[in-house]
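In what comes next, chain A is part of two complexes: it sits with chain B in the first one and with chain C in the second one.
For the complex of A and B:
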């Protein structure tokens, strides 16, 4: 399926949010991962007492500061957009998001901000040990900040621990721990942070390889490569493990997303995983054609990933849209009917409450509660609207996985040649290392495309489609702010790249 | 206690004074915050805050959107 661009207001709001989030995500993964790498570099310095490790730590800390300064506050723009472009959504989730975002603010402020100053201003002014603790605190604090944001995102993908209040039109929190420890939230946090560690490792490797190509700062570059490769390799193991967990939770909680990621239209038992392939661009929900023009398949693997059982049934888009009674799958068509009952009863409840007809209000509320799990489906006009953009989900997933498979091989190769002191003669590997800096960013952005495009049309899974989550604004208003941000982000990115390149060019201050 | 406050203040003062790269970064941060503040005032008005005066009105508006709107197709 090839997606066409629909330039309605809601799609401009989606584009603006995607632009802001993707720009924000240029800086965040490097902050999360490089903070830990700084802590490792400094730990080696404190344990060995060798000054060159201090030089290394201070150099990467400088680049960390540049990244942090340009990235700081870009997340605030997302919060502006919630209130402006997505006011229905913001109102409805305010009670759920309030606690995690407040916790994020407290952690970010007290841990990061407090120890940040010691990390930058404290060299030779506080004890080595206290400085090291501060660096670790910055690393832990920044990653804990990410936890709360990702818990909020995880809730949108798997809304648990809440109840809808028809009087306030809000999803109200009933169980904080259920939200915090939701399998989707945990899987999202662990996969996102570990993949961010890979990005940071590739950043250090890319710049170190550039030094090797230029025959500058060779000792700093080689030591940095060793630490970053080990860190990246360990992170790769976690990425693979959490990616597997993520696939399982998606299969259980968002089967339509999994079907789109795999381009499966007709579900089957003993389902194969498409390792690589080209989708049939003419395929539409309901078609019986082969969804692939070309595909390399791994038999039974998708059934294992989705259900931990090689012979289990994995539903396709057609099963989920039109239903499959044999497999006990209720289709979107039936859920739309149920959702419309929920909406009708909600309207009846509100009217009854206004006129003081408690008996009718009670009856309407009871019926609403029976159908509220399908609330979001009531807004769909045709069942095919529940299908996310298949091609974008399918190809983004393969880009992410292919790069995620390549990175550990690169880390091992770099570690092997550097430990044998042969890295200086491996120009091809140095060039690959520089290129991989950019590949890390492509992989992490592709991951977010899979996560967010794959859950469309939902702002809150099954409960609120994006088309209802929006504000009542004109298209022109949203278009204007989209282009303002496009210009602002471009200018800021150029500024960052210039400062970053200048600092890399200056290099570490070696004696 | 007084010494602790004084030492902390001096720590920050000396730290800021000795910044080299940090001056450029702080300049960028302050310019960015000013631009964002300006944009938020000009373009980013919280829709529900600005159009309604009470939470009950906001809730009614959202419920009305939920129960009466026929949203455009999203895919």
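For the complex of A and C:
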């Protein structure tokens, strides 16, 4: 199928996609959450008629618009990069993956684009009620957009509702609803959006706390903190619940990712969760050493999280790579052999069809069907390739969880002191609030690192490695575009930050 | 219900839907045209800002239509998406970069503390409206002139030209189509701004710009049409799927589709000219609403000519049999069916877009709308 591939080119393509995605994800979580916060602020304004809520709404809306523009700019690159840098992927799974992208355009992008103009420019042009509806439409539209792209991402992590068609040499959709309502997709959507709500709440809190530290716009700051803290606290509950669901689905559908996240090499029953620790950097698949230099473990917790059973077996990297017959685990080594049979039989089938040899084609197809579940493993050169970067997955996960645990405590503290009208004297909390703005971004980026690095080497879990999904480009070509994007996005980010900081320094237009 | 339709019917339907989205995008390039007019129509900063604010209320719609065009092609014709984007790499990357520049420029242009300054963003907008559209035109031109790619037995593409798609811009036909799009967008942009703004000095310049840009676009249009009617085309044998060159193929296609081919093309062109006449030689402001639908009809005619009547819409001149047709490049029957149900939302989307457009544009935009006492609600 693929004669040869240049791993360097693949790695540059991965780097380019990661660069675009990570830049994009600086702006998107704020859009997702701040859109709802704007809707809340404006709803309060419309219901109470109090002008200061309009002032609050318009201030945050200005920051929303600056952030939104650059989110859109990086988003278009991301959509088309599936084609430019992953063209084999685009063909092999385009029949399934393209549909959510098109649905995103129809259902979500037009809502956002159409009502954004009303929300931003329509204060004097449409009625109060219509303006409020427009703000809600932007919030719903941006989150609907997240739904479709995360359904697509969820499908890549857990490919369901499709079958391989050997005649077209691609995967084809068989059940739309199974893809849309896949537990992985649902958990991805709910966890990602709710954590984005936290980021937006922290953004509002961070800037409001800065106003408090500077003794400026105190009323705007305090009102904003109350609404953002309530929103953030509610979102934190959803984040915790969906995080637990996410861990369960990862354990069931992507056990290698779980093993990497936990740094487990030898699986065990009644498996403990490493709450915090330091990995042994010399550990390699197949080693029997202790994977941790230091670890604080919670007994049985990982077995409970992974299988809802404290005594259940959680496989480690060695079990998954080399197999564990006692636990009924077929290793990557065996699956590679099976995958190579699938690839050979697919090639035999294609040749037989070309020359009209129906009998050979039928026999090859039958054998292919027996091994097609291991198709992706046939592309691997050695079993250890199936192991994602362990340290990056392990530490990113702990950063995400630690910060995710801290945020609700912060929201409660802020609410407590603001409601008791003592926030102005709590300088330590105001400073912590400003710092947490950045922590929110670190947490959400770490979450994506866990999700995407943890599933390497697969573009489509178990079916299509990134080395095959790539476009047929030279390394120099991809390197060039990588640096073009790096420079462009960085320049735009610097411009955005300077504009944003100026807008914050100008502050709300209070009478 | 839709699932009972034949696969080939769904393929025809989806080429229609993609063509419609593409045609609406070309209509929306009045935004790009307006962006290039910024540097040539006025030196008055307030007038310029008025133009930016008028265009700024619409740029996202055009942008979104382009994104939907890409998404719809991905979903309905994934082999085109994979072959063209992964193959003609540089042409698409450059197009995308110009749209990145557009996306930030409206919001950032006048914002204080912006290290790039307003002039840089005006240049960005000009690049998007000129280079971006030129390359889009060149890319669309390859629907008729062909590209340099080959597909293997697994439908994976390898591009056979070192310029990776940029070679399209060196074909006179493609280049002419690109330049036509640039000047046509300026024509549309002038008419849109005449319709949307109240500004005495600008109005006169814009009304003149409509006819000047129409005249500038004519040589390129005539070359494109002349070539199209006389060139060999990439014909598909419906029985075997084999692709072969056919003399006057696109003329045959236009004649074979008297309504949606030749009819749309002629009526569309007449409407565009009529829109310009209304704008330049009368006091009416509605030229855009005549030339706009005209543009949609012309683009539909061109895309129908490229894709229907047993024609390869994305032909390979390197290997004829690698050429893409709406039948061999499409998604499965199941996916096209599912997508068709999703597409039932399109009329609803168009309805609310039209409603909001009307609600926002009921009152024309004037200098008082972007005065300092309006706070920061403008670009």
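One rule holds for everything that comes next: the second predicted complex is superposed on the first by the 500 of 511 C-alpha atoms of A that agree within 3 Å, B and C clash if a C-alpha of one lies under 4 Å from a C-alpha of the other, contacts with A are read in each partner's own complex, and residues count from 1 in each chain.
Convention: contacts are C-beta pairs under 8 Å (C-beta built on N, C-alpha and C of every residue); 3 or more make two chains touch, one makes a residue touch a chain.
Since the model is a prediction, treat every value here as computed from it, not as a measurement.
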Ask   = Following superposition onto chain A, is the placement of chain B relative to chain C best described as a clash or a fit?
value = clash
Key: Partner chain(s) touched by A:103 [first = chain B, second = chain C, both, neither]   = second
Ask   = In the superposed arrangement, does A:481 touch chain B (first), chain C (second), both or neither?
value = both
Request  = Using the touch definition from the top, say if A:465 reaches chain B (first), chain C (second), both or neither.
outcome  = first
Ask   = With the two structures laid over each other on chain A, which partner does A:498 touch: chain B (first), chain C (second), both, or neither?
value = second
Query = Between chain B (first) and chain C (second), which does A:70 come into contact with in this model arrangement: first, second, both, or neither?
reply = both
Query = Is A:228 in contact with chain B, with chain C, with both, or with neither (first, second, both, neither)?
reply = neither
Task = Mind telling me which of the two, chain B or chain C, contacts the most residues of chain A?
result = C
Message = Applying the document's definition of touch, where does A:114 land relative to chain B and chain C: first, second, both, or neither?
response = second
Ask   = Does the superposition put A:168 against chain B (first), chain C (second), both, or neither?
value = both
Query = After lining up the shared chain so the two structures overlap, which partner does A:130 touch, if you call chain B first and chain C second: first, second, both or neither?
reply = second
Ask   = Pick from 1-9, 19-27, 91-99 or 217-225: which stretch of chain C gets in the way of chain B?
value = 91-99
Remark   = Overlap of the chain B and chain C interfaces on chain A comprises residues 62, 65-66, 69-70, 72-73, 76-77, 80, 83-84, 87-88, 90-91, 117, 120-122, 125, 168-170, 350, 471-473, 477, 481, 484, 488, 492, 495, 499, 503
Message = Going by the contact rule set out above, which residues of chain C touch chain A in the complex?
response = 53, 57-58, 60-61, 63-64, 66-68, 70-72, 74-76, 78-79, 81-87, 89-90, 92-93, 96-97, 99-101, 103-104, 106-108, 111-116, 153-159, 164, 331-332, 334-335, 338-339, 342-343, 345-346, 349, 352-353, 356, 359-360, 362-363, 374-378
Ask   = Which residues of chain A touch chain B in the complex?
value = 3, 6, 8, 10-11, 62, 65-66, 69-70, 72-73, 76-77, 80-81, 83-84, 87-88, 90-92, 117, 120-122, 125, 166-170, 343-344, 346-347, 350, 379, 381-382, 384-385, 387-389, 456-457, 465-468, 471-473, 477, 480-481, 484, 488, 492, 495, 499, 503
Remark   = Within their complex, chain A touches chain C through residues 1-2, 58, 62, 65-66, 68-70, 72-77, 79-80, 82-91, 94-99, 101-107, 109-110, 112-118, 120-126, 130, 134, 165, 168-170, 172-174, 176, 350, 354, 471-473, 477, 481, 484, 488, 491-492, 494-496, 498-499, 501-503, 506, 509
Request  = Spell out the residues on chain B that touch chain A in their complex, using ranges where they run on.
outcome  = 11-12, 14-16, 18, 21-22, 24-26, 28-29, 32-33, 35-36, 39-40, 43-49, 55, 58-60, 62-63, 65-75
